[in-house]
Amino acid sequence: MDSILILAVVSLSTIGLVSAVVLYFVAQEFKVIEDPGIGIVEESLPAANCGGCGFAGCRNFAEALVKKAEDEKSIEGLNCPVGGSDVMKKVAAILGLVASEAEPLIAVVRCNGSFGHAPAKVKYDGPGTCAFAHNLYAGTSGCAYGCLGLGDCVVSCNFDAIFMEPETGLPVVKENCIACGACVKACPRGIIELRTKGKKDRRIYVCCVNEEKGGPARKNCSVACIGCGKCVEVCPFEAITLIENLAYIDFDKCKLCRKCTPVCPTEAIHEINFPSRKEKEAEELSNKKTGCVH
Amino acid sequence: MCALKTFRSGGVHPTENKLSEESSIEVFPLPRQVSIPVNQNLGAPGIPMVNKGDTVKVGQLIAKGEAFISSNVHSSVSGKVLKIDDMIDQTGFRRKAVVIKVEGDEWELSIDRSPGIRKELTLAREEIIKKIHDMGIVGMGGATFPSHVKLMVPDGKKAEFLIINGVECEPYLTADHRLMLEKGEEVLIGTMILMKGLGVEKAIIGIENNKPEAIRHMTELSKQYPNISIQALKVRYPQGGEKQLINALLGREVPSGKLPIEVGCVVNNVGTAFAVYEAVQKNKPLIERIVTVTGKTVKKPSNFLVRIGTPVQELLERVQADLEITGKVVSGGPMMGKALNSLEVPVVKGTSGLLLFTEVDSSRTEMKACIRCGRCVRVCPMGLEPILLAQYSENNMWDMAEANLVMDCMECGSCHYTCPSGRPLLDYIRLGKNKVGQNIRNRGKK
Amino acid sequence: MGLLTVSGSPHIHTDQSVPKIMYGVVIAMIPAMLVSFYFFGLGAAKVMLVSVLACLFFEWVIQKYLLKGTLTINDGSALVTGVLLAFNVPSNLPVWMTIVGAFVAIAIAKMSFGGLGKNPFNPALVGRVFLLMSFPVDMTTWPVPKAIFGGTAVTDAITGPTTLGIVKEGLRAGKTVSELLPQIPDYARELLGNQGGSLGEVSAIALLIGALYMFYKKIITWHIPVSYILSVVVFAGIFWLINPERYLDPLFHLITGGMMLGIFYMATDMVSSPVNTRGMLIFGAGCGILTMIIRLWGGYPEGVSFAILIMNAFTPLINRSFKPRRFGLVKN
């Protein structure tokens, strides 16, 4: 009995020892040489693996950062939207460079065709995703450009930053949006855009993407952009362009002066997070709209 | 007449419901106003040739098809052009159309309106093709492919047979059936013209077995036209699809991704043959067509001869359709037709029928989990596996969808019709075709 | 007028549905059910009732309280699993074991994979094999069936082995086929159901009637049954011709044990079998060959359940390798 025990212990220990030695040499032989910097950079990234930087996960982004730093001595153009400028500063410090400040972006839904503004003219019966509905027909309100309300954008968000408002049937972007761009890709009609958050989180944009002429556009939705061009005339910074019956505000040129919002006859231009105008201004506003002049 | 043939595999047999097969063709009265889209064919839209305020006559050219795959559009009424504007069409999108206020019924003098049948063919092959092009003839089965292009055989290919589709495999539709019964001789002359235009010696007209009178009548008439044979076929959907029809009649299979000319055939609808007769023998452009208006909420299911551009609303009023209980209006047949967004759309060259459904029949069965029964695979006439294609489309696996030949799908709807779990298979496959088509086009650009 | 509905084509639908298919299968199993009640009496009825109720209960409980999703016990699939599970066990199985079998079949083999349509293995077979492994004695002691129409009983005993059991043991002990034949029921009795076995195994005729009903209603197609039967006949036939004293003839193999049940009701389970007809033929042939290998040389007298489960595992591979004949595919 004893000899069996000793034999078992000795043989198993020998096997263990031999295997350990073999594994050590094999590990050395097949070792993958990697820049240790990649691991350190990866540590400082948020590990969300969301793809917002444009790469397949944080590891991939770390590799790209290290490579670019080596090749070009700068990490210009690479940005992690989740971590923001804090993380980019840290990464730059690790790589011995200076990070440039990128303007924080946020997703903006450029359609206000709610149930009230764009009433349904037909009922839709089919798979409940925007991709299918867009493939099939123009939309329940008849506007071939507007939001279909079936929530592909909501499903695509990994950060719970967008939800469907049941009363209006439109998606609403929350302030925790980090502009990864998933909803932009998910929307089959290109309604969502990444725009700068703006000073004090204020931004102005045209809440419509309809390129039809004013008459048909208005028939389907009461707050559509009709391409009248009044906003273009009034903007002192030439930030607004009118293409295919649709006005567009360039967010880099816009200085948030708020001159365009009151002149829009269909209230298609939206301003976010501004203080409300005083009553006197409101009166002037309404007079301008109805064309009444003192 | 030979024994009953049909295509090799797949297909379904939905209830035929040919409610209007006894109603002879009624000439629909002129509407008050017509809206004629400048794009009523596959391919590029026509370019408007008239302006607001112009007076037009019936048969006048109002839009010219300049591109290779394009077609002319003619006015179907006489009156004044109200506007040329974007008007709503079948899918709910707005496309350019010529709106004409109808005044009287004056026809272009070049059109021969005499009632007799003209049998002699006096034009040469090239002249026939040009005539068909000028008169704006497109495929009347619903696909609206410009007919003159089909007759121009590409280099290296040889045409052996002209096949005429008298099958009308979709349930409810009876336009082609009535046309064969009432204008059978004209159809045969049109077939002779097409044979000359194509340069072939033989033609076969395929008719499904649920139209015995039409088969008898056409067989009798065809005795004077020895090069045209009439073939009865077993009733099966989608026998009217050109690949399936060629397979049923001749046993040949059109190779994947290619056109019927690869196996030496060209397929045309009986309606097209009739329109060709009128175009070549009577100088009459395509300005009217037969439309079946039918369905359970229609008191008098009928077949009308309608001018192109007539609003659909007027046809529904005429058949005393009960719009209160109607939930859906489909342009075409129930298997491949499009559900209309609004009743303001006009009748166009491809409108073979209007089908009304009750509210109950309009909603789909509730979708359940796939039970992998394989019925969809068994009924697919193209030998595809809809169960897999739908899964790939659902999960955005476009490369796998392409590898499984999603582009071969002819969208007949047999899979969707058969699925016991009520899964919207064709919707998934259509999305897949759309995305894969885009990918292929992007690859071609690079 | 209300709003028009817009949906994609086609706008009509067949009236086939999942409940119709499932209830059709249940109706097809009624002849075999009645025969089993006749031969095995109240015990059979008890097992059937317990199995069906347990399957329905487990599916309901899981869907309502665990998954908090839609209830689908109305679609008949749990009912079919319950009946099939009962068919696969002896009629004297204790109630609690039947409940355990139902739990394994529904909760583990079906719901844990995602419910209807997602299970890779036939749930009833998984339940049966689990019971066989866990309670081998109870699962292999069969009650003796009642005599037909008042004739003499097979033996005086209360429990007895199945025909296949007798054959396997006998051949192992060195006896030849001719020595064994008097000990086993003749073909007529086996066709009718007067032999030992699980509830649904015994009567080949009753099962065939049900199968004909399923063919008529287009619930199953001919591919799997025909390829299964052919492969069994060919395989058994070859060996029978080589040595008729060691191997029994193909007809015997077809009508004994769970072969009929397996061919028409278990192997044709849609979820776990291939989707296209070429794959189905391969699947059926594989089942047949594996069944015969286990019967002839394996440790167990009966091989149908294991053969089908093994082929279920190959189904995804078969689906990928065998595609239907494409229309117009140019052969290079």
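A, B and C are the chain letters, set down in written order, and residue numbers restart from 1 in every chain.
Here, contacts are C-beta pairs under 8 Å (C-beta built on N, C-alpha and C of every residue); 3 or more make two chains touch, one makes a residue touch a chain.
These numbers were taken from a predicted model, which means no experiment stands behind them.
Chain centres defined as mean CA positions place B nearest to the mean of all protein CA atoms. A comparison of the A-C and A-B interfaces places the larger number of contacting C-beta pairs at A-B. Between chain B and chain C the centroid-to-centroid distance comes to 49 Å (mean Cα coordinates, whole Å). Put simply, the C-alpha centre of chain A and that of chain C have 54 angstrom between them.
If you average the Cα atoms of chain A and of chain B, the two centres end up 44 Å apart. Residue positions 92, 339, 341-342, 362-364, 424, 427, 430 of chain B each touch two or more of the other chains.
Annotation for chain A: residues 121-122, 125-126, 132, 136-137 touch two or more other chains. Residue numbers of chain C whose C-beta contacts span two or more other chains: 2, 4-8. Per the touch definition, chain A reaches chain B in the complex via residues 121-122, 125-127, 131-132, 135-139, 142, 144, 212-213, 216. Within the complex formed with chain A, the chain B residues making contact are 86, 88, 91-94, 339, 341-342, 362-364, 367, 424, 427-428, 430-431, 434. Chain C contributes residues 1-2, 4-14, 16-18, 20-21, 72, 75, 77, 115-118, 221, 270-271, 273-277, 280, 319, 323-330 to its touches with chain B in the complex. Chain contact summary for the complex, chain A toward chain C: residues 120-126, 132, 136-137. Across the complex, chain C meets chain A through its residues 2-8.
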